[in-house]
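Multiple structures are listed underneath, in structure tokens.
What follows is a pair of complexes built around subunit A, which joins subunit B in one and subunit C in the other.
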Partner chain A sequence: MSRYGWIRLAIVAGAALILEVLCRSHIVSRLIMIPPSEMLISAWQILASGAIKDDIYVSVVNICTAIALSISGGFFIGLAIFSLPALRATLEPFLASYYSVPPIVFYPLLIVIFGINQIPQIIIAVMFGLVTMVINTINGLDRIRPVLLKVGRVHRASFLVTVFRIKLPAAAPYLFIGVTLAVSYSIIGVISSEFIMSAVGIGHQISYAYDSYDNRTMYGLIALVLGIATLLNMSLHVYSQRLLRRWTR
Partner chain B sequence: MDLPDATRTVHARVVGLTRVYPARDFQGAVNALGPVDLDLYKGEFFTIVGPSGCGKSTFLELLAGLALPTEGSIEFEGQPVRGQVPEGIGVVFQEDSSFPWLTVWDNVAFGLQCAGVDPAEVERRTNYAVGFMGLADFARSYPAQLSGGMRQRLCIARTLVLQPRLILLDEPFGALDQQTRLLMGDELLRLWRETGATILLITHALDEATMLSDRIGAMSARPGRLLEIISTHWSADRDSRIVGDERFGAITARLWVLLRQQSMKAIGRAGTEAAV
Partner chain C sequence: MKFRQSLYTATFLTAVLVLWYVLYKSYGPTVLTPPWATLRKATDLLTSPIYWPHFGESIRAFLIALVIAFVVGTFGGVILGGWRPCGEVVEPLLAVINSLPKVALYPVILLTFGLGLWAKVVFGALHGVIPIMISSLAAVRNINPVFTHAARAMHLTRWQMIRRIWIPACIPEIFSGLRFGFSLTLLGTIFGEFFASQRGFGFLLMNAIDLRDVRTIMALILILVVFAVISSSALLAIDRRLHRRQV
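Our next item is the complex of A and B:
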């Protein structure tokens, strides 16, 4: 890990330590927050007991589905918009202002259409994650050095070879940004929609624990979500850095 | 290469080639090239020299089929070239065009894989091209781990592996230091002799043009036209040591006489000497 990585870790550990002291010394009431160490113990106990394994399974499947749809859909839509200048000129203002309206406002409408099940949650998560992937795909394709595409033409590369063996890897630094954001937004989309009108999922369990004043379970589950999100982001970051380091000039 | 032109096989023919970039935003139409007429003979080493912005690279892109001419025609081996790169033409670009995400070996094999060549043949030809360009020890390295000269050798190997019959080089050594350029010139001559390919080199370096070429076309400032074609009469087994030959200086001087006024025109100083 780099020096700055250690500094970042020290900041997070320091913040957790301060919170631990504040909670243990009752400066922060246990009715508001439990010490971070107890959150981790609670998270471990929830995992070990298997009490909510079905909820974890449903959330993880929904998140993975949303991630897959956001990334693949975002890439191909981005590619199509990039390839069709008229479509791009038409859609660009929508893309630029897309996140000014939170997609979650459409959740009730989706429930009316699809009912209370996983589909509206996945759609909300995809609505969160897809557009960031589209925007970053277009950004990445815009920044491909033209000479690399000329090499493809000189080698008479087919459309698919040009897309998958030249454009995709050449745009990879931007695609990784899109993938990282799509992963984060998919988690946000699924967990936040599980909070509202859902009978299953980690978000539902957090909401249930909150309504039942069960702080220990609630914070344990929050720690669990934090852990999953951090692990996914860290893995992506490490992988992308390792890959991109090879080609850095 | 001293055969009279009439007895030699025309490999590529350019007739009345012009390229005008249409008006855009606040800029009027730009007449970038031509008209240019040129016959490239099979197996010759032809170089085009000219001032910056005279349309040399535009000429190469048109000849390669990477761009469409405004007027005129191009033929390669008797077939028209128009907006698509024909089989048998290889191009090496001025800027580093290696794929940074592929190893040296995979970069070189790329074209063969695109063409659907049998994997065993890909292996054999790629190994040969990598070895030929002196990159065998770096086959598993990434371009970022190579020097500028080695990266350019990689790009040449990637072109060479396809066994092109016409190789177009757009200032391939432009970013290299003088000593490396001379050595790369030797490498290029060796490649030319061993492959028997026709080579068209674009450069702004007069000494490089003189050293490498059978014939040199001097191009005017924009819109680029061929002012004169000079035959060097070098033997095919020449190398960079011919810079010591007395004819070398005479040919280079002749090129400079042709291009000095054009270069001044290109930098907007035409006529200043006359005024002084």
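Our next item is the complex of A and C:
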């Protein structure tokens, strides 16, 4: 690891240590926060006891469904918008201001339409994740340098070779930005909607623990969610960097 | 070209209205209200004084959150951008924090700040601050070195350097960050009102779900969408103008 990496680690560890000391010495009341070490123990116990196995399962399935729909849907919609100039001119102003409307305000309406189940949650998560994939797909396709396509034509590259050897690798950096954002937005969408109103899910369990003053469980679950999200984001980052290196070699 | 663009926009809006009407016809009035009735309900909500305290509370929370996010984000970003090692250390941390579901932290904020205005403000600011920080960091770091070299060749004082070079060079990027921060802060503030709140826009929405009052839900959504789209278009127009000026 680089020197900066070590400093970064030290900062995170230092922050956790300060929090631990503050909580242990009761400067921060236990009613507000429990020491980080206890959060981790509680997270481990929640996992080991299997008490909320079903909630984790439901959340993970919803998140994965939303990710799959956002990425595939976003890619193909982006492709369609890129290839049809009239559609593009129509939609572009709205894409630019899409994220100014918090999708979560539609959740109440979706609950009235579909009831309290997984469908509104997945729709909200897709509303969060889809458009960033669309925007980044268009961005990526825009940035393919014409000279690359010309070189392909000079070498009489077939359609498939052009797509897989030239277009995709050239657009890849932006596609990966889209994928990374779609993943984290899908997680945010699912957990948020579970949090507001739901019958199952990790988000629901956090708000349930909050309502029943069960700080230990609540902080354990929060640590769990943040841990899962960080792990997912970081592995995606490492994987995309590796793929990018191979494609742009 | 301008005429053509407005034609496209009009087509899109018509398509949305037609879709809305078709959905209304197929699901019926218990699930959706038609466009016209929703607009009427929205004007009723906006003109009846009972709702003003709720809207006022939301707007106040949003504005305070936006100011905090902007001030903290810009200052932090400028420092991180100007002091390179510090930026190198902190930037990946910011990227990780940015991608976390901050919703999970809302109970912590509620416990720390209590129920009321400040929990919403802090939650809203928390959403907006990181994107603003990341883009002002990038703004400072990406100042064209030619500018700084030229300024040094002309023996500009430090103050002149800041006033004539750094600020004009950074403003477009920082403004773009503010535009993203605006939307995210709005999201955070509204979300803060959904959960454990007694006043505000989000509270009205949650209350309407409990009453299954579809008219109010749709009218409130319409108000928010119109507000968000208008303010974001205005910010986008300013943003484009700032970027065009900088050649």
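Please note the rule applied: the second predicted complex is superposed on the first by the 228 of 249 C-alpha atoms of A that agree within 3 Å, B and C clash if a C-alpha of one lies under 4 Å from a C-alpha of the other, contacts with A are read in each partner's own complex, and residues count from 1 in each chain.
Just so we're on the same page, a residue touches a chain if its C-beta (ideal position, glycine included) is under 8 Å from a C-beta of that chain, and two chains touch if they have at least 3 such contacts.
Bear in mind that the values here come from a model prediction, so they are computed numbers and not experimental data.
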*Does the superposition put A:P169 against subunit B (first), subunit C (second), both, or neither?*
first
*asked:* Touch test for A:L17: subunit B only (first), subunit C only (second), both, or neither?
replied: neither
*asked:* Per the contact definition in the header, classify A:I111: touching subunit B only (first), subunit C only (second), both, or neither.
replied: second
*Considering only touches as defined above, state whether A:R246 meets subunit B (first), subunit C (second), both or neither.*
first
*asked:* Quick one: is A:I206 in contact with subunit B, with subunit C, with both, or with neither? Answer first, second, both or neither.
replied: second
_Winner by number of subunit A residues touched, once subunit B and subunit C are compared_ = C
*Regarding the shared-chain residue A:V154, is it in contact with subunit B (first), subunit C (second), both, or neither?*
first
*Given the touch rule stated above, what does A:V238 touch, subunit B (first), subunit C (second), both, or neither?*
neither
*Okay, in this complex, where on subunit C does subunit A touch?*
4-5, 8-9, 11-12, 27, 31-32, 85, 88-90, 92-93, 96, 98-108, 110-112, 180, 182-183, 186-187, 190-191, 194-196, 205-206, 208-209, 212, 214, 217-218, 220-221, 224-225, 228-229, 231-233, 236
*Residues of subunit A touching subunit C in their complex?*
4, 7-8, 11-12, 31-33, 86, 89-91, 93-94, 96-97, 99-102, 104-106, 108-109, 111-113, 180-181, 184, 187-188, 191-192, 195-197, 203, 206-207, 209-210, 215, 218-219, 221-222, 225-226, 229-230, 233-234
*asked:* Under the stated contact criterion, what part of subunit B meets subunit A in this complex?
replied: 64, 66, 84-85, 87, 89-91, 93, 95, 97, 99-101, 110-111, 114-115, 142-144, 158-159, 162
*Give every residue of subunit A touching subunit B within the complex, in rising order.*
145, 147-148, 150-151, 153-158, 161, 165-166, 169-170, 172, 243, 246-249
